[in-house]
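To keep things clear, I will list the structure first and then write my remarks on it.
In this document, chain identifiers A, B, C and D correspond to the written order of the chains, with residue numbering beginning at 1 in each.
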């Protein structure tokens, strides 16, 4: 049988070894890695994403890959799937050195991946999304839609996803899309399955189902690379671990030999407290009141007060509608109801320029798309929202703009070689600093940061955290949207939790615990939380 | 002595009619001796294309420009400038408005052409009576518009001819073809289509043949024997007319030469010699007309198809 | 600002000398020689010089101030539109209806002249029709949210169609005395009114695009409309203004052309839209938006004018010139891309060797 | 079912065509007669075929402005060949037209794929170049009916089962179009590449290569149409089909092909072309002044885009609705 030969469980297949028994797996006779990566390096303009990385994957085992945001995990995945070419290093599959010049080559080498960003096709059907590039054919070489739909239905059944394979992808929700992406990875005959944060957008029930899938893949003798930020699932699923920090391997071994605290130390390289240098700031009077803020489809009835010097965290699962809320507040989209009062005065915000005028600014989550204009210079980017102040009679005063840019570049300790350098050539963290600099240059009263440390390296992350504290200390009010529990717990004075577009509660720093936050965010009273 | 450089500026390059005129011009140049003919024109029939060419002809300080205009009004300012720089300007075939030229050489008098088209239509109509449609070129071409106006003026002489519509094929084969199809559908009683344009008449004949209406609908008008011989054989065209484009090119070149070398002057009543063709006389509008258009049919078309 | 020159993100290596302290960040790094040579304007200027030299050799009539002055008519009207079109394309939009706006404005002016309007009334009408037509395009693109290329393919037929409805096979050819000044007059010596108007406008447009906050916003929009919006730039409004500007410049071109021809037919300026776009793209404006300079467009206008005039002097048919322009367009865009690719390949082999 | 009809674009255009034909019939009763409709279809066949090629290109986020120039050049090549060697078999001539169209399309495609020039710039350039080459090839001269052989001229108009061969070719190409678009990897890749180029790379599709193939397809069809055009109108010259590329793009747009890539269907495109064809063929017969034609087709394009844009509008992510249905 051809592609339709999809079976998650081969009844005759037994795990070849019991993974916990082998203390030194690579020397154990007969237990050779299915895939070995040695000395892999990869640089991007401004960032060395991977630095001489070595990694082994074994059949029938789950290897967890952990590391902070921006540690290089996704980059490794993209190298394994032929999207990126490594600058150096070698990939050996079953003893044969293998080149992966493209995604097709990776598929042929038996590697399938579920990427971090769901990368699918809105206009195509679910079945096509699963099979594009390797559709089942009739004898005439034409696509066999009937078989494709039938196989897709079976793949989805295995995932216990009740999705009609003939639906268009654009009609699905985010969790369902994720299942389709998983289905796609399973539809190819693969020996190596990579999952890059597969559970990030799933509900608890779906997560449980995914765990079963992983178990079955393992029993089917596949090698699995599992990337996750959630320790409980790493401990539950993985047989081995590899820890990345700043593009290098800082630890690897068997799960049985480590504790959660060890992994954290390897990941972060320092004790956790240091990462969140929240200084205590006297909370001042109310600066902004939001009442009954609603949107026709994305969120409803958000109300809170924001005080001077306060950091308000907004926590929730991905897709909870926090970004949508912040963007409506900032005037990108129109809310359907609700009032905003700043410094006692009601304000109407129809577009971002109104918000900026009222002293409210927003640092967006998608830095490259919404934050910076990558081909333009640092100075132009920092001056972008303050053009009124750096110009005379509508004409630019470049000296003044450079002055302004330099001021904020220095305050933020920007690492760059010149102010006329295009922002696109900076590293992620420095790009984020430019975006923050742009907003500080407008001298705002309230700054909303949407996932401010997403995808930036650990040093910059600490700098951003330190800087947030400094801003609060200087009398600004900060709203910080974050999906990272430690960050929210470490930085926020109060935490607003959103679930499915609605407020699930507000907790003060003193009585916020991880369990409470997760329960509020998931709506699951007995939910398992870290 | 320096050669007398005469530019023969045509409506568009690649049109069989003008290629034939070019032959005549070369013939005249050979006769006259020290003449160089610059045969030029835009690729499509636009006024702005001709204007750009006029500017470069002025720059080259040619001695004379003989132009067949795509738009008799739009060319005036640039041709005026040419005359100010001492260049002789005449128009031929399709006229330039009076201020933009010293004289105009009409292939035939407009009235004669209009009359001829009516006559051809009447001849093609069974019993001399019936509906007739006109297929013109672009709405802006001067000569077509004048001829059609003259046709309508002369209609009382042909009481059987009933003109029902005028459509524009823009001198594009496909548009003329589709317009002809439209005529055939909308006016089932139309028996004759008159196309006073060499592009239109070919397309119309083709459309009539494709519609299977040979024998019921006849196409006539102005066209070249070489392009129409096939259609005469098939029967969609009974007869058509055209003046001799070779003679026209010959005459235009000779007149331009005479004026440029100051051997003659363009003023009402003046007589200008045109080599082997004798003389022509200017009317009060500084216009001269050549002979009557000549009618071609089965009996002579193949003979002339070899020439133009 | 030298950052805003060509193309997408230059594939420069990471700044090796990144400094830890922001205090010493210089304003600018010295541009390397190769980058200066890669600048579009330099490339074009060299090209213009070559064309000029070849023409001077090829035809004895070329180096005559009056002939060169006549030659500018080959491009001045198109280039005026090109100035506004450059801004529009930098912002990521396009307007293919410009030639039809010329026709519509010309017909309106012709009708007004027939009704006895004065010269200044005609000018107002010409510019006004351009403004209204531009506003219609701008409305459909920015407020209804349609892709500009499709909208303006539609309005291209619509505007010229209206001109045909009004004028049909008729001609307007009686314009008041003094109107011919725009398209046939001289300011001083061999400097035509059109040329001087174009040069003055070029300076203004250059200042607006390169030196004003408006221009800065236009670049930002063209590079990343979302980020521009998130930075408080009113993207829709600026694009609307650019459509208005393109309409008005088309109106101005219509005044000049109508005045030069002294008559109006609805088929006036047929096919100019592609020539204007070609000029702008040849001038180094990225068709997908975000980069380009007015200087480049001005040089491109002169190159195209010189090429057509030079070929015209040699009586080369116009269609052969268009082959040349077509090849030039592709070559001028392809060369820097290929050059950059070769450089990058050289760099990476050097790194492997090291 | 009704919801389906209202949501899909194709039934809407189809209805619009029916309404249009009904309107025309009130002024010209013969229009709706089957024989006349067959004629209209025959006249539109070339537009349909070209629009299908253009659709493939637009689906991949490119555009081909050179289709009409390609058609004219390929047409001129076969016309000259036929005039010079009247006894070359027709099959050879058609093959020459196809190959020439394919090569010209491949040039576009290569410049887009290998050099990375935006397609609009490439085809703006080649549009001028291809037309210029016609002039050079033929020395500016026309090839007229009497220079063409009878077989050459008769093929598209020979009637089989009541329809001319040209119309049958249109039908065949539409059928092949459905087959390619729906049942081949290439057809599906067109959608994927245009819909989400990043995801296409992840799925192992070669974006540039798919675009190249789309240009080849568009070129191939242009070449075929080159022969048909020259033979149907019995003439070949430089300006053949001048400006026709805009009609072709308009047909796609009316048919609901999104200029942003990834959206469009064979049925929609065919209907879009037929819609334009009906208007083109109706205007000469309903006694609307020829001077109205242009304005009418312009308005039709604008109205069609407004319609399509409304159908395409993003609906947002609907978090609240999902929350309601989930719980």
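Please note the rule applied: contacts are C-beta pairs under 8 Å (C-beta built on N, C-alpha and C of every residue); 3 or more make two chains touch, one makes a residue touch a chain.
Which protein is which chain? UniProt says A = Rhamnose ABC transporter ATP-binding protein; C = Autoinducer 2 import system permease protein LsrD; D = Autoinducer 2 import system permease protein LsrC.
Quick caveat: nothing in here was measured; it's all calculated off a predicted structure.
Chemist: Would you say C-D or B-C is joined by more C-beta pairs in contact?
Modeler: C-D
Chemist: Distance between subunit B and subunit C based on Cα centroids, please, to the nearest Å.
Modeler: About 38 Å separates the centre of subunit B from that of subunit C.
Chemist: When the C-alpha atoms of subunit C and subunit D are each averaged to a single point, how far apart are the two points in Å?
Modeler: Distance between chain centres: 30 Å.
Chemist: With centres defined as the mean C-alpha position, give me the subunit A-subunit C separation in Å.
Modeler: 43
Chemist: With chain centres taken as the means of their Cα atoms, state the distance from subunit B to subunit D in Å.
Modeler: 36
Chemist: Residues touching two or more other chains, restricted to subunit D: which are they?
Modeler: Residues 131, 135, 140, 238, 291.
Chemist: Would you please write down the residue numbers of subunit B that are in contact with two or more other chains?
Modeler: 13, 43, 139, 168, in rising order.
Chemist: Can you list every touching chain pair?
Modeler: Listed in label order, the chain pairs in contact are A-C, A-D, B-C, B-D, C-D.
Chemist: Where on subunit A is subunit C touching in the complex?
Modeler: 43, 45-47, 330, 332, 351-353, 355-356, 362, 364, 369-377, 379-380, 384-385, 387-388, 391, 394-396, 398, 402, 406, 409-422, 424-425, 438
Chemist: Applying the document's contact rule, which stretches of subunit D touch subunit A when the two form their complex?
Modeler: My answer: residues 179, 182-185, 188-189, 191-192, 195-196, 198-206, 262-263, 315-323, 326-327.
Chemist: Under the touch definition given earlier, write down the residues of subunit B that touch subunit C in their complex.
Modeler: 13, 38, 40-43, 46-49, 51-53, 55-56, 58-61, 71, 73-74, 76-78, 81, 97, 138-140, 145, 168
Chemist: Give the list of subunit C residues in touch with subunit B in this complex.
Modeler: Touch residues, subunit C against subunit B: 59, 61-62, 64, 67, 70-71, 73-74, 164, 168-169, 171, 173, 180, 183-184, 260-263, 265-271, 308-309, 312-313, 315, 317-319.
Chemist: Considering only the defined contacts, which subunit D positions touch subunit C in the complex?
Modeler: Touching subunit C: residues 63, 111, 115-118, 120-122, 124-129, 131-133, 135-136, 140, 238, 243, 246, 249-250, 253, 259-260, 289, 291-299, 301-302, 305-306, 309 of subunit D.
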